Amino acid sequence: GSPEASGGGATIGDDGKLTERTELTIAIPGKQLPILAPIMAKAWKKFDERNLDVTIETLASDEAFPLLATGKLDGIWTGPSVGLFNAVAGGADVRMVSPGNYLSEESGGGIWVSSALLNGREFEPSMLRGKKFASSQGNTGTSMVAFSQLLESGGVGVDEVEIVTMSASDAVPALENGSISGAIVQEPLDVALEKNNSAVRVSPQFPDGWNNTTLLFGPSLLRDNPDAGKVFVAALRSTFVDKLQGDYLADPERVADIAEQLEQPVETLQQSTSDLYPTELSFPDEYVATHEQVWRQWPDLLTYDEPLTTEQVIDTQFMDWANEH
Amino acid sequence: MVTKIQISEVGKRYEGRNPVEALSDVTLTVDDSEFVCLVGPSGCGKSTLLRMIMGLHRPSAGTVDVFADDPVLPPTAMVFQDYSIFPWKTVEQNVRFGFEGRRLPRAECDARVDKWLERLGLSQFRRAYPAALSGGMRQRVSIARALAVEPEVLLMDEPFAALDAQLRRVLQEELLALWQQDRRTVVFVTHSLEEAILLGDRIVVMSARPGRIIADIRVPFDRPRSPQIRTAPEFAELEGEIWAQLRDEVDRSLVGGAR
Amino acid sequence: MSDRTTGTGDDGRRRWRVQPGQQERNPRAFARRRRLERRLLGVLVPVVLLVAWELCANAGLIDTRFFPAPSQIGSTAVDMIGNGILLTDLTVTVRVLLIGLVSGFVVGTVAGLLLGLSRIARAALEPLLSALYTIPKLAVLPLLLLIFGVGELPKVILVGLGVFFIAWISVLEAILDLPGAYGEAATAFDVRGWRRMRHVTLPAVLPQVLVGLRISVGNAVLIVVGVEFVSGDEGIGYRIWNSWSIFAADRMYVGIVVVALLGYLLSLLVQLLSRVCVPWAPSTAARRD
Amino acid sequence: MVTKIQISEVGKRYEGRNPVEALSDVTLTVDDSEFVCLVGPSGCGKSTLLRMIMGLHRPSAGTVDVFADDPVLPPTAMVFQDYSIFPWKTVEQNVRFGFEGRRLPRAECDARVDKWLERLGLSQFRRAYPAALSGGMRQRVSIARALAVEPEVLLMDEPFAALDAQLRRVLQEELLALWQQDRRTVVFVTHSLEEAILLGDRIVVMSARPGRIIADIRVPFDRPRSPQIRTAPEFAELEGEIWAQLRDEVDRSLVGGAR
Amino acid sequence: MSDRTTGTGDDGRRRWRVQPGQQERNPRAFARRRRLERRLLGVLVPVVLLVAWELCANAGLIDTRFFPAPSQIGSTAVDMIGNGILLTDLTVTVRVLLIGLVSGFVVGTVAGLLLGLSRIARAALEPLLSALYTIPKLAVLPLLLLIFGVGELPKVILVGLGVFFIAWISVLEAILDLPGAYGEAATAFDVRGWRRMRHVTLPAVLPQVLVGLRISVGNAVLIVVGVEFVSGDEGIGYRIWNSWSIFAADRMYVGIVVVALLGYLLSLLVQLLSRVCVPWAPSTAARRD
């Protein structure tokens, strides 16, 4: 749409705020800890301070994507997926603009295999040959990067493991009764698995230094009103810096705020590990190419042939501005 | 006399899994204000003929014309053999249904409904649903519905079959009174020759299926007739005459197993 | 089946006797007892199941991570009522549910009447509608969001669609199955158009339409909950999904129980409606005792 | 004589929105092999009484006993006033349905079905569904179903009401023959006094609702009777006697609007 | 409604005439024409819609990333048939669908008969079942996975459950609405137990049960696709979800169209079944022309 349609021609003032109040709508897949940042940025008035009026919609990523591509949403908070790459290759005006949370070393989230599979032995990737492995996004998500690296380390091809789609919570009972042998598991599900000794974590969910979530912008911010996008990313970064460093879930004041926003009991949250948030925003090297290589291993995922360049997928101008301001 | 109903060379064949030739080449004229009784063996097509006069079925051949004095309203109303009253309407609502197709002042409707419920002995049951009625009471609802409309042509398919002899006689008199007073046209199917002779100007006798008209007899008794004519020798004679014709038909159809 | 009892007569022949039973001797007391019996049984069965569940949970026979004890669910429910979450969720869900249900049912009934009464409309639209029926609603959601934007409307439309198809099929089949005698009586008295609809067609198909409504109500609840799974941040469906994704089984069960109760209440409501609207139908009496 | 049916002080009240007192204090004994005709004004409870003998309804007071010679099989079969045949069965299947409750060799069933379809003139329509039958044909299916069972007690609720006069007479003779040959017990509801006198050993007259028995008349004619007895003066006398009693009842109920 | 045409008689009175129409003059030709007309219309309407879509897509009036042109969908379909994906998916889905449908329907019908025939069973179980009806099936999936493991069985059970509820409600309501006369005739001839069921109860409720089946079939397709959305790695539902999540709208539409066709074919099958099983019902004739 035209600049008027998306928050008008507000520009950045000297104070790092927008000159006019600007409305933005972004979508998140659910009110959960990994998606904490935009929710809390809003609650802690980080957007207000920059003259942004942000509406947060809860929508599954698949539902939100067309809305982003057509400018009906300004941004979504999700992970990179095959759909994004295919859309970009098909000419959609959608880019990754900033990383979100990173999982800490202590996080229980990661690749888990069932105790039944191990049967007392040390884990070997080859044990997964011919077995079922569950992921909430099937083989189309960013989690496949660490998983395929894990398999590769044991000389196992991705086509030797059957990847089934199943929500992470459903994977818990499935792991325990042996219908699947491994799964991508997120907190707080690890607690349940650990308690019953029914599965073991064998690998982190992401390669070292890789982010879990990602912020995507659509044409409204990429083209029509980049200033609003810059300010938005800057507001997020200042949230990271001011409020989300260290073990913020141990801080009674902050955890209370978080609990209220996520509508979860404080005790539940305190059992979780605090995610890490960067003070300098940047994506890992070879982020795009690595994803492509991983997904290429399945023949029918990427619908294009020519590899995408980093610039086609990642727009760094927002991070760059935010890191400065 | 002015023709009211003109049935010309009508035939009716029911198609389907096993087709039935119900009527064949029926020609009949009913004059204005005439009371015609239709008799014939079971399954010979009497109901079919009435349905066609009513416009519910189309013939396979021939035409049926009904001439109306009223420029708008359809001239006919019917008492169905199977009553065809609505289980979801109370007795009163069922009778009132007859007026739904006509533009009548509400007060007039009320008055007529009351009158006919009263005459048919249904007043006490006006708020009952058909499920709580006896067979004869249901038939009376159906009669009341048709009579209340006061149509130009009244088609009645064995209207008194489920009524006791006494009530039947009362209603026969009511019907005759109504007919004499307003000079309506009536086509009346009955299985009782006695009833046919008592009521009709003419008696039309139909053959076994496929139904044809095998006799069209003018009843020689003067109006108003009293039930006493039953004892007259002419009565027995006429009854015997029709009877003889019918017997052949019934025998024929029973022997052939072919009804 | 038969109300006869058999015995032996004085002369050794078999005697088949019919005599007043409880029902005839004291109809009021009998009706009261039947009603009591019905209510008791209706409550007893679920209560027994719940108690069994509680006992199994306490004895550790079932995995309380997945099947928390009813008492635990109860106390969670009390919390959720206390902090107002449950009420907010319920309001959101019921709103979407009712708007979708009513509009879908009305449009579906009208479509069913149209298809039932017009041969041409039936020939033209029935195959198309039959095929559209099974188009997966969840796959259509992104498209609806694209067209109608985020918010209540796409959910209402999905619920409405789900109900629409059940309604038109019920109405259409009921009309096609109407005994011809009703139509003939209407024609004979020249009752046409809207009056025929009101006095003949609608009451005749009403019982089956109400069965369709009963099925629709259940389906509508399922759809609204399903949609809330994937979209929105309030409503019972969201609460169930969200609770499960953070592995809070007790909260999930509170949601499930609320949905079940909602479905039960709505189906009671439909049955009540049937009794009021169809006082002549046999089922009205059958349900009463 | 041996008692076959014993009705003792039976009353019947239909509860519901507006309760109806259908029968009040009815006591009646029917002997083995007796042919009893039941007459009375429409809505007086005749069908209700038959239903109770059949075990379909329970009385509100009193008892109804039927004594069976057969140690197992229920002794009764019934021709319903509204026919009560099944629309999903063909004519033949409907008749055959009568045997479903009895253990009869298949060949015997076939033979009886054929026999009764033949006698009732339905052979040609054995594969037709009831929807394609005329009213009288449906009634004949219902009659065939009950007669084919050859029960100890035959309950018939206006069985010939929808049949033409000729067929009616044929069937009356069939019925009498059957009854005389096997000495079955028959309770026969009819609105035709003529029919009642022609067929019955006794005629039981009922009052208007609530139905009571107001007369129980033994028919003085010898068996076998021929239709010729109609012309006998005793016949007219008897008819007149019953008639007088009925008239009072009907008048009473019509005046009260209270049927 | 009425078959009469009006005109004016010789003497100026209004003449109401009934005469043979096309149907009576040449029943066979009439039936043939009607049949042709029906088929043509049934095909024409979808074709017109598709052409309109194609034109809009080509003219750029709709966003082909989300609504690809039918021709594009068609060519994708050809590819998917060529490499065997579609057939594999279809086999998986249809297998689950049919097993679930048949078992759910049989169990539901039996339950409906039981509830319809026994007052006690009705009082004890109807409230419970009404409440269970609306328990969201997708929320139950984890529990089924827990009990039955991953694979076909939990999906079959979910489909079966969905059908079960529609079946028992249809059957129960049909039994309660049975005209008393049928039961009386059965009792009068002492037909009890299984024979009564076979000769009276089942045929009497059959038309409504088949309507229930028609609704069930559609619902079963929706459920099987819905379950494949959230779990598993094959089947049409998985294909739709997967295609959408990798942003291949044309593949998604192929899946949607296949599901729609599946639903349409099954509903045709049910209608055919109705014609065979219920030859006496008015709708049988009404559908034929």
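Chains here go by letter, A, B, C, D and E, matching the order in which they are written, and residues are numbered from 1 within each.
Keep in mind that, in the parts below, a contact is a pair of C-beta atoms (placed from the backbone, for glycine too) under 8 Å apart; a residue touches a chain by one contact, two chains touch by 3 or more.
In UniProt terms, the chains line up like this: B, D = Mannosyltransferase; C, E = ABC transmembrane type-1 domain-containing protein.
Model, not experiment: these values are computed from the prediction.
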- Note on the structure: Shared touching partners of chain A and chain E are C
- Chain pair whose interface holds the most contacting C-beta pairs: C-E
- Query: Taking each chain's centre as its mean C-alpha position, how far apart are chain A and chain C in Å?
  - Reply: 40
- Item | Centre distance in Å when chain C and chain E are each reduced to the mean of their C-alpha atoms | 18
- Find the geometric centre of each of chain A and chain B from their Cα atoms only, then give the gap between the two centres in Å, rounded to an integer. 83
- chain D and chain E: spacing of chain centres that average the CA atoms, whole Å: 47
- Query: Out of chain A, which residues touch more than one other chain, so two or more?
  - Reply: 62, 65-66, 70, 167, 169, 172-173
- Can you list the chain C residues in contact with two or more other chains? 2, 66, 142-143, 146, 187, 190, 192, 241, 244, 282
- Item | Interface hub residues of chain D, defined as touching at least two other chains | 55-56, 74, 76, 82
- Query: Quick one: which chain pairs are touching?
  - Reply: A-C, A-E, B-C, B-D, B-E, C-D, C-E, D-E
- Message: For a test of understanding, state which residues of chain D touch chain E in their complex under the given definition.
- Response: 51, 54-56, 73-74, 76-78, 80, 82, 84-89, 97-98, 100-102, 129-131, 145, 149
- Spell out the residues on chain E that touch chain D in their complex, using ranges where they run on. 181-182, 184-185, 187-192, 195, 199-200, 203-204, 206, 278-280
- Note on the structure: Per the touch rule above, chain E residues touching chain A in the complex are 63, 65-66, 85, 141-143, 145-147, 149-151, 230-233, 238, 241-242, 244-248
- Message: If we count contacts the way the header does, which residues on chain E are in touch with chain B in the complex?
- Response: 2-4, 9, 11, 13-21, 23-25, 27
- Message: If we count contacts the way the header does, which residues on chain A are in touch with chain E in the complex?
- Response: 61-62, 65-66, 69-70, 81-84, 86-87, 90, 92, 132, 137-138, 140, 162-167, 169-170, 172-174, 176-180, 300-303
